[in-house]
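As structure tokens, here come the structures.
Okay, so chain A shows up in both of these, paired with chain B first and chain C after.
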Partner chain A sequence: MKNKNFLYESQKLAFWYWTLALILFGFQLVFGLIIAYQYIQPEFLHKILNFSIGRLLHLNAMILWLLFGFIGGIYWFLPMETEREIVGLFWAKVAFGLIAVAVGIVVAVFLLVQIGKADWVTLWFITEGREYIEAPRWADIGIVAVFSIIFFNVFATIWKAKKLKGILWVLVIDLLAIIGFYIAGMFFTPNISVDQFWWWWVVHLWVEATWEVLVGVLVAWILMSVLGTPRKIVEGWLYLEVFLVFGTGILGLGHHYFWIGAPEYWLGIGGFFSALEPLPLVAMVVHAVYDAGVHRLKTVNKPAFFWIVFQSFGNFVGAGVWGFMHTLPQINLYSHGTQITAAHGHLAFFGAYVATNIAMIYTALQKVRLNEGQILDGGLWKWAFVSLIISIFGITAPLTVAGFAQTFIERAVGGSSWQAYINGQLHPWVKESMVWRFGFGIMFFISYLLLVIDLLKIGKKPAIA
Partner chain B sequence: MNAETILKMLIAGFSFTLSAGLYAFFYALGRLSNSFLLELFSFVFAFLMILSGFFLVVCPVFTLFWKLLLVFSIFAYLIIPKGMLWIVKKLHQKEK
Partner chain C sequence: MKLGWLEITIFSIVLTVVISALFVRGKDWLDPGFWAVFAIVGSLIMFSVLWFLTFDTLKKMSLGSKRVPSPTVINHRVGYEFDPERKIYVPTIGEEEPFFGKKWSEDEAIQLITKGKLAIQSRNCMDCHTLLGNGAYFAPDLTKSWLDPKWETMIKPMVGAQTKEEAIAKWIQNPQYYATWQRRMPNLKINEEEAKAIVGYLKFMSAIDTNGFPDHFGKSSLAY
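Presenting the complex of A and B:
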């Protein structure tokens, strides 16, 4: 029988993914601070690192680090689930090496080359130019190849272990969807409406649907580790969550089709399902309260427990509250593309995905650093937890205020004219909000450093034996 | 519809979902801790949710389809905390 601290090779690989993820998290914040400062001083790094490039790096670093965190989670929990080393470990390591080198090359090209002519060379080697998924075509193919390796590893491991458990099947199907939906973003058509139609499949269905399910799988495993919740319960909950998220989320995609030139019926479909999207998130809040209440905050892993409970609240507030506020087409007509969207994005990603990744890393650290029965706890994680949450709300609140001002001045009063845009941008509610946002951005960066220090130190001196 | 109405609709939309979540939170907390006061407190948010929802429903910008959708949402948010707590308890009965 293996002792508690035994690690599979793939679990060691998970730590490589998490290390790379945390480094990219830092890069994301640095570029975020640069572009936040450019809102205050637009000439800062002008022609060296323009806002468009900084924003591109900020967003792509976020997508990649969250993704690497999730991959780490799969490689951490999979051998525990199947009680064997993963099949294709060599390819898993090769994939990690390739992905690390590819990220380095893509970032270097984004920083040094930045833009190119509107031709195939640019598309393949510099950038595809599509917002959020700006990676060049070769890197896109690389992402699909890496996820194909992960899919093979997961499927072959389950097959060899003959452990066809509910959670694992959800993971297998979701990995297929992750590969499939990403390919949808690689089409190119000169018709901008058709192009946007498929592009949103990646941005909405990939990030908001398949990632949500992947997070559901990871949260199920975290709950089993941190609270000892029986498998039948987490599986039952996972099926319910997948049903609710897909039931409302798939056609909720329609809220992105409001103004891209898609047929008018998308106003009704998108608005209807988007309005229903917060319902499962409210249900998750009830479940989180129940779990926290029944266990009376008693757990073997305090930081993981708090982050996973926060995940359901953060997901509800970020995706649910900030999402519903501007999702109905009658409102979205005026608020679309204002800072309200940025506020929603910041809070939703933090609540749903950042919290899950952090909880997952703490869950793994407990196994690595503590013996059976010891509780993972400390002082620093509490500071990082509280200050990260305060600062993300501190970033979101001014963005919301700025978005309200934009909606009112630029759109409702000014009618989206160029002069109205200038009037909106010069309004104190927008200008001063950007200063507040930058201030809380610095606080967020300091909180990130506290988090990293805590992750490096926690559990090395057990709190309670 | 005038420009100010857009702002009011944004605020109502924000308040509608947020108060629905707070109602669910305090209701579940009240039921779990057997605190009648907390449960009573949760109904303040339920009332706020209904109020915000009602504001949206009566907005002339919404046609009948949207008004019905909003009314459905109000009822769904009222039922979810109680219904979800029942489901979660049923799920966790297996734990015992």
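Presenting the complex of A and C:
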């Protein structure tokens, strides 16, 4: 690297994680396109790569690349926070190697073996067969091991540096929660109600609580780095955010317990607390607008700044608005299990997590490629930024329309039976939406390529201030 | 014990505010420490409430409870009727009827259900279908699929079976032979024993009290 800036070893490792993350991002999109096309042309790859396998790879590639992005962020910012190299560098590198190998094995098994017999061998070595946590159990244990190594590294580095700043506190506790909640997903029970009860501890408490807080930590660091926001202000917001995210998100878990066989009090608790879940997201939008105004949109790192401002809006609209749309039990009784959920998922994950990861990588590139006083900017990132945002809305909108049609035709009128499902799927609002979704999916993929090209090139010829 | 959602909600919020307020007395609200107290107290209280409710919920939906029936429910006729008191559809468990031509003992039924769930997981059913409304939306919801009229009206004559359970078992073993519509289920190499177990599971699942989801399943004449 031609920069004159000093980099910690841990920060170099961060780039390894981000590289792997971006490759998996590409995989996610390829499988996403395949399954989106199967909605239009069900015979496509039928029997070779059935929808279920494509979807499983689409989902898991996403979960992993986002996680690897976050891990990269931790390894990037931690040495700067503690002003020292991380303690267990060797183990961090070992963990990276294990991750790369494990991901390769799991993907190969998913592609080549795909399904197993109804026995324990399948659960341990092929798939657990539970949406979002399909990984075989050995890989689950691996994920816990890797996060334990990260936890150790964070904790030991803070300990050695004797610097327990506020943000690090939150990170340490959040990492513990991430490890703890994941274990809730690692057992078998014939009782599907109990199964799904714990399954949501991983799926909801990860994504709607611990991930949101982890992203809060990363965004705090990005803001300090890109805008020079004072630590005191960032910390105050972070605590408020943790209060609101955990305060609403932990019992907001109840919105997943409406129909799984759990007692009726969850209808009220889940409905109430998940109605409050957008609160921290509104707070973040207010904060982002305020920050942008104070700085009159002037910053040393244009792409990171724009992505982080978009993050607050994307998170609010995707997780907040699209989430709230179908979170009340009276509505959810009919909208549950329709494309509305998929619409919400696509926009929320992009707004909250994809945007954060991209902003983080741009933040790091500035340090790697530019000298003090130079500005990270260019033309290409704007194209990628705008077209990624247009295409994710282009994916979300038709899914929402399809979801509404399903809600009415399949669920409310048709009574959710097999034939009612087919009637819903044959409705033009669903059929045509799937074509639109696929089209915008292609646009998203092209935008992804623009993003990758920009990440490879930006800052190599510094823009003039 | 009957728990009211409003009491639980008000209790957890008031407790959070009161305890946090006690700890932050004298602190400036612009000081980050002020909000740190709220963050810690709020998280701890909400998590404690969740933990408490978890025990209660797990007890109320254990196998053989009012909400989640014992696997021996497969020996009975299962239905789905409107309950005027709760104002939702609830599963009904009627008279005995043989399942695959026999009455299953408790042990046999548990073994069958366990096998059925393993089969459902090993074939990744949730990545096309929804179970209890969770999963993918590429194929129909299976929550009450045992009660789907289509098994009797279309699939039974199509596969040439005597009973509904036989029809489902035959169909899921070789879905590629029987046309339904353009989106087709692939052959998932389900053997006879696994097919029986899956059918047992579908019947068992249809008897779970899901608070009325899906509403009026299979009762709409407009769907045909």
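Here is the rule we use: the second predicted complex is superposed on the first by the 460 of 465 C-alpha atoms of A that agree within 3 Å, B and C clash if a C-alpha of one lies under 4 Å from a C-alpha of the other, contacts with A are read in each partner's own complex, and residues count from 1 in each chain.
Just so we're on the same page, a contact is a pair of C-beta atoms (placed from the backbone, for glycine too) under 8 Å apart; a residue touches a chain by one contact, two chains touch by 3 or more.
Bear in mind the structure is a predicted one, so any value in this text is a computation, not a measurement.
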Joint occupancy of chain A by chain B and chain C, clash or fit: fit
First (chain B), second (chain C), both or neither touched by A:V219: neither
Which superposed partner A:V321 touches (first chain B, second chain C, both, neither): first
Inter-chain angle, chain B to chain C through the CA centre of chain A, in degrees rounded to a multiple of 10: 80
First, second, both or neither for A:H336, with chain B first and chain C second: second
Between chain B and chain C, more extensive residue contact with chain A: C
Which of chain B and chain C A:V401 touches, first, second, both or neither: neither
Which superposed partner A:T229 touches (first chain B, second chain C, both, neither): first
First, second, both or neither for A:V309, with chain B first and chain C second: neither
Which superposed partner A:A118 touches (first chain B, second chain C, both, neither): second
Touched partner set for A:I192, first chain B, second chain C, both or neither: second
First (chain B), second (chain C), both or neither touched by A:G129: second
Smallest separation in angstrom, by C-alpha atoms, between chain B and chain C in the superposition: 6
Shared contact residues on chain A - chain B and chain C: 232, 236, 240, 268, 272, 334, 411-413
Interfacial residue positions of chain B with respect to chain A in the complex: 3-4, 6-7, 9-10, 13-14, 16-18, 20-21, 24-25, 27-29, 32-33, 59, 61-62, 65-66, 69-70, 73, 76-77, 80-81, 84-85, 87-89, 91-92, 94-95
Touching residues (chain side chain A, partner chain B) in the complex: 229-230, 232-233, 236-237, 240, 268, 271-272, 275-276, 278-279, 281-283, 285-287, 289-290, 293-294, 316-317, 320-322, 324-328, 330-331, 334-335, 340, 404, 407-408, 411-413
Chain A - residues contacting chain C, complex: 35, 38-39, 42, 46-47, 50-53, 55-56, 114-120, 122-123, 126-131, 134, 166, 170, 188-197, 232, 235-236, 238-240, 242-243, 246-247, 250-251, 253, 256-269, 272-273, 333-334, 336-339, 341-342, 406, 411-423, 425-426
Complex contacts: residues of chain C adjacent to chain A: 3-6, 8-9, 12, 16, 30-32, 34-36, 38-39, 42-43, 46-47, 49-50, 53-54, 56-58, 60-63, 67-68, 71, 110, 113-128, 130-141, 143-145, 148-150, 180-184, 186-189, 194, 197, 205, 208-220, 222-224
